[in-house]
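Take a look at the structures listed below.
You will see chain A twice below: alongside chain B first, and alongside chain C after that.
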Partner chain A sequence: MSFLHINNVHKRFGETHVLKGIDIAIEQGDFLVLVGPSGCGKSTLLNMIAGLDSISEGELLLDGRCINDVHPSRRDIAMVFQSYALYPSMTVAGNIGFGLEMRKVPRKQRREAIDRVAKLLQIENLLDRKPGQLSGGQRQRVAMGRALVRDPQLFLFDEPLSNLDAKLRVDMRTEIKQLHQRLGTTIVYVTHDQIEAMTLASRIAVMRGGELQQLGTPQAVYDDPNNLFVAGFMGSPSMNLVKARIVEQDGLPVAQVATEASTLTLPIVRDRDALRDWRDRDVILGLRPEAITDPASANHREGNIHEAELPVALVEPTGADLYVVTTLGGTHVNARMRPGTPLRPGERTRFAFDVSRMVVFDPESERRIRDERVAEATPIGETA
Partner chain B sequence: MSNASPEQDGGARERLQRWLPKLVLSPSCVLVLFFVYGFIAWTSYISFSDSGMMPDYTWVGLHQWSRLWTSWTWGIALHNIWVFGLLYIISCIVLGLILAILLDQRIRAEGVLRTIYLYPMALSFIVTGTAWQWFLNPGLGLEKTMHDLGWQSFSFNWLIDSNMAIYTVVIAAVWQATGFVMAMFLAGLRGIDGEMIKAAQIDGAPAWKIYARIIIPQLRPVFLSAVVVLAHLAIKSFDLIVAMTGGGPGNATAVPATFMYSYAFSRNEMGIAAASAVFMLAVIAALIIPYLYSELREPRS
Partner chain C sequence: MSAASFTARRGLATRAVLYAILVLFAVVYLMPLYVMLTTSFKTLEEIHQGNMLALPGEWTLDPWREAWGSACIGLECNGVHGYFFNSIKIVVPAVLISGLLGAFNGYVLTKWKFRGHKIVFGLMLFSCFIPFQIILLPMARVLGILHLANSTGGLVLVHIVYGIGFTTLFFRNFYASFPDELVRAAQLDGAGFFTIFFRILLPASVPIIVVTIIWQFTNVWNDFLFGVSFASGDSAPITVALNNLVNSSTGVKAYNVNMAAAMVAAVPTLIVYILAGKYFLRGLMSGSVKG
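And now, the complex of A and B:
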């Protein structure tokens, strides 16, 4: 039995069907991140776990207990809100201790719990201040303190970092991750920042329009997306999606992609069985920018490298990497190359395609075309 | 020398531009200065003069002021304004807050109810006073209706009972201002972050504690505004009382405003009336000026 089990949960606000049957199960100690575009129902799902929104249909199990009709305060959960939702008329200590006070914890014990959490979050010197006298980052800490002090079974975070500036966000992200590793708590965390999702999660649930698109480890969601939406949503810069045609060559399926002047033929090593049926049909290829590089930086040991000479359309140095843009199948394609590679637009250079990381999608249904056997999370290279 | 003149021209135009707005505004400034501050000064002077029926500019020092403070009617007026003001402010705030909290429960027909509650504020005091005077008049209103309906023993004659008349004025004034106070509180309640209430629910606070500990403390600025607005309405509550009770029965509902009016225009004691007017102005100023000062300053800090 999993620790938190969201079983076919629906949410309707009158006529609008906001969540259309969500199924998610996580284990104790998991860090589940819900990602998806704005309005896809992440906050709604979180509020339902918290008990702040009713469940229209389905079942919510926490530690084997159905909590559909349990009051928020008795679910043994704590929540950190996007706006922090600190009580402005109380001091920081009052804010952190309010939940304990409502649960009639004696003053002395309360004080000890507040001090313990304040020490953990390094806000001991702020305990007597009011929230109005704190900076954004400090408020964020107090909001976390309020959640941590009660030592609940489950933590819920609704975009807790989205009101912080970029640098503080990265710092707090690291801190949340450390906190999770130190305390081993179970967390459900909502964000629409996919970098936050990748770095924090032990499991990611990608949602769109009230439907779960994929649930898996960050690596699985990144390398083995279920559909075009997940492929395009996760990763920055995002996955290159290129129109291609599957043809048979020497009894094996290959993908043909139109370049500016000629046709590029890429061998297919992944999901080969499924793609046999796609002979002479159009598909969409998905290739991460890091799966297209210069021959010297290509991963010849684990990958399956196919080289081709193509014209350079644009060069974008970022410092750490050099993104080289070429045109494949009528769209611009980002390739990640070693910085300092002397390239100029209009030149031709050799691109190395790691076809073992190439994924193929059905352009109509937008679903992945994959072998039945490896439908579960596939480590990279195994199919090669 | 020849190229000095365009500079002078430019300087003149600049000076004109600088002075033009002031020139345009100055007539209204002069009018305000004269009719408001001029008459305040004049009234203040009269309160130190020997004026009776007509203004008399003989300086008599604090004579009128001491007569005012030894006057028995003034004592009653002050006592009445205390009773009236306190009851009025407290009732309006308590009722307004309760109504606002009830309306804030996202009930249906909220818009209609809000308008109904707010509507009395659109009436002038004189209309409110007259209407309530009819309604509470034993020979015309509530009591007579009850008698006509067959409830012969019903009696409600506070309006003509000198011990109770002041409370009828309170009832009418509260009826008029409660909706307005409710609207102020409702705006305050709507400004409260919904996530904070969710957080308090998760923290396990029951609804009344969420209001008592989290929401109402945040409405402090609204309380302050309500008290200041109501306090100055209470002191200015001249027309309501004139329309309802005329200060009577006897002096039972006399307040400083009616005191001032009757001394100035029927008792021919302009000096005492002026002293009482200056006193009321001072009290209102003491309430309003610090409030306006803090309100107008706030955005900058």
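And now, the complex of A and C:
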């Protein structure tokens, strides 16, 4: 029995069908991150878990108990809102202690709990201030403190870091991660930020238009996407998606990609069985930028490197890496090379393709073409 | 002459004209107050000598004493003080209750939206546009049925009912920009309907509370029509008493006493404005500018 089970949950606002049957199950101590484009229903789902929005259809189980009709205050869930939602007329201590006060915790105990949390979040010196006198990062801590002080079964975070500047966001991200490791409480966390999702999550749920696209570990979602949407959504810079054709060579399927002058043939090592059926049909190849490198930085150990000489269209140094753009199948393709590689647009250079990381999609249904056995690794939220 | 000093001069000239106009308007507006105040400190003889704008030659407090304690209103000669306290007895509960109800309405209409909340608010808004005169007769009937005719209690009720439309409008617009997430957070914290209102929203409503108090206080205090229609005799408010004082003085008109009584009637609203005035504009603006 999983700890939080979202069982075929629907949400309708009048005529608009916002959530169309979400199935997610996570274990105690999991850090579930919900990602997806704006308006896909992440906040709605979070609010439904918190009990702030009603459930139109389906079932919500927390620790084996159906909480569909349990009042928000009785769910033992604490939430950190995107806007922090600090009570403006109360001091920081009042804000943090309000939930305890409502639960009739005696003053002395309350004081101790507030002090403990303030110490944890390093806001002891702010306890007598009003929220209006705090900086963004300090408010964010107070908002977390208000949730932490209650020691709930489940934390909900709705884009808690989105109002912070880049530097502070990175710091707070680390703090949240440490906090989760220390407390081990189950967390459901909404974010728009790729890196936040990848670094924090033990499981990622990718949503689009009220439907779950994929649920899995960050690595699985990144390396083994269910469909074109997930492939394109996760990762920055995003996965290269290239038109190709599957043909048979020596009894094995290979992918043929048009380059500017000729045709590039890439051997297929993943999902080979499924792709046998795709002989002489068009597909879309997915290759992460880090799976296309210069030959020297390629990972030759597994022997799945395929090299080809291609023209350079553009060079984009980022400091840590050098992104080299070439044209494949009519679109620009990003390759990640060692910085300092002396390259200029118009030159030709050797690209090394790590074909073991290549994924293939059906251009019609946009689903991943994959062998059967992979599918069972992520049974919930499977769209294929 | 350099261009800079030219524009500086022109700026100075514009400013001078501007101030001249402002001073003129201020004088025009303050003139009646000046005349009232000076007259109320003059003896009747001095008034009869004719120079309205002159300062009192001999300052006297007698008109004020008379107005407060012994001027004849109708048949009784006890001054306006009883009516002054009538007005206080009307205005305090009327302002507090209509304000509180308006705040509640605003809270429910924005944070606990129910089916048809827009219609309810529309109707409330509509009540702001109903002229006083239209409701006189029906209200008289209602007060009669409730046995509240000719009492300060009845007048309190009338002002509450008439004021709710305005107070609701004020609070609704104020709470519309109050973040819903605060209410949701409080719900998760375990606060109920009333706790959320009294602990979260109300303490954050000072500007709009001030606006409401000023608005309701001046309207209720200065009301004459409801007062004269629904409360007569001993339970009349000061505005009605003032009217009766001025009209019932037989023989020589005691202008100084009348002016003193008028000042007595005007002082509470002045005080409210001076104490709360600086919040007034801030509050009126707070709906449009997020703050």
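To be clear about the criterion, the second predicted complex is superposed on the first by the 373 of 384 C-alpha atoms of A that agree within 3 Å, B and C clash if a C-alpha of one lies under 4 Å from a C-alpha of the other, contacts with A are read in each partner's own complex, and residues count from 1 in each chain.
Going forward, a residue touches a chain if its C-beta (ideal position, glycine included) is under 8 Å from a C-beta of that chain, and two chains touch if they have at least 3 such contacts.
Fair warning: this is a prediction, and the values are worked out from it, not measured in the lab.
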Does the chain A-based superposition show chain B and chain C clashing or fitting? clash
Please work out whether A:C66 is in contact with chain B alone, chain C alone, both, or neither, and reply first, second, both or neither. neither
Would you please give the residues of chain A that touch chain B in one complex and also touch chain C in the other complex? 47, 50-52, 72-73, 77-79, 81-83, 85, 87-90, 98-99, 102-103, 146
What does chain A use to touch chain B in their complex? 47, 50-52, 72-74, 77-79, 81-83, 85-90, 98-99, 102-103, 146
Looking at the complex, which residues from chain B come into contact with chain A? 193, 195-196, 198-205, 209, 213-214, 217-218
In the complex, chain C residues that touch chain A: 179, 181-182, 184-191, 195, 199-200, 203-204
Under the stated contact criterion, what part of chain A meets chain C in this complex? 47, 50-52, 72-73, 77-79, 81-83, 85, 87-90, 98-99, 102-103, 146
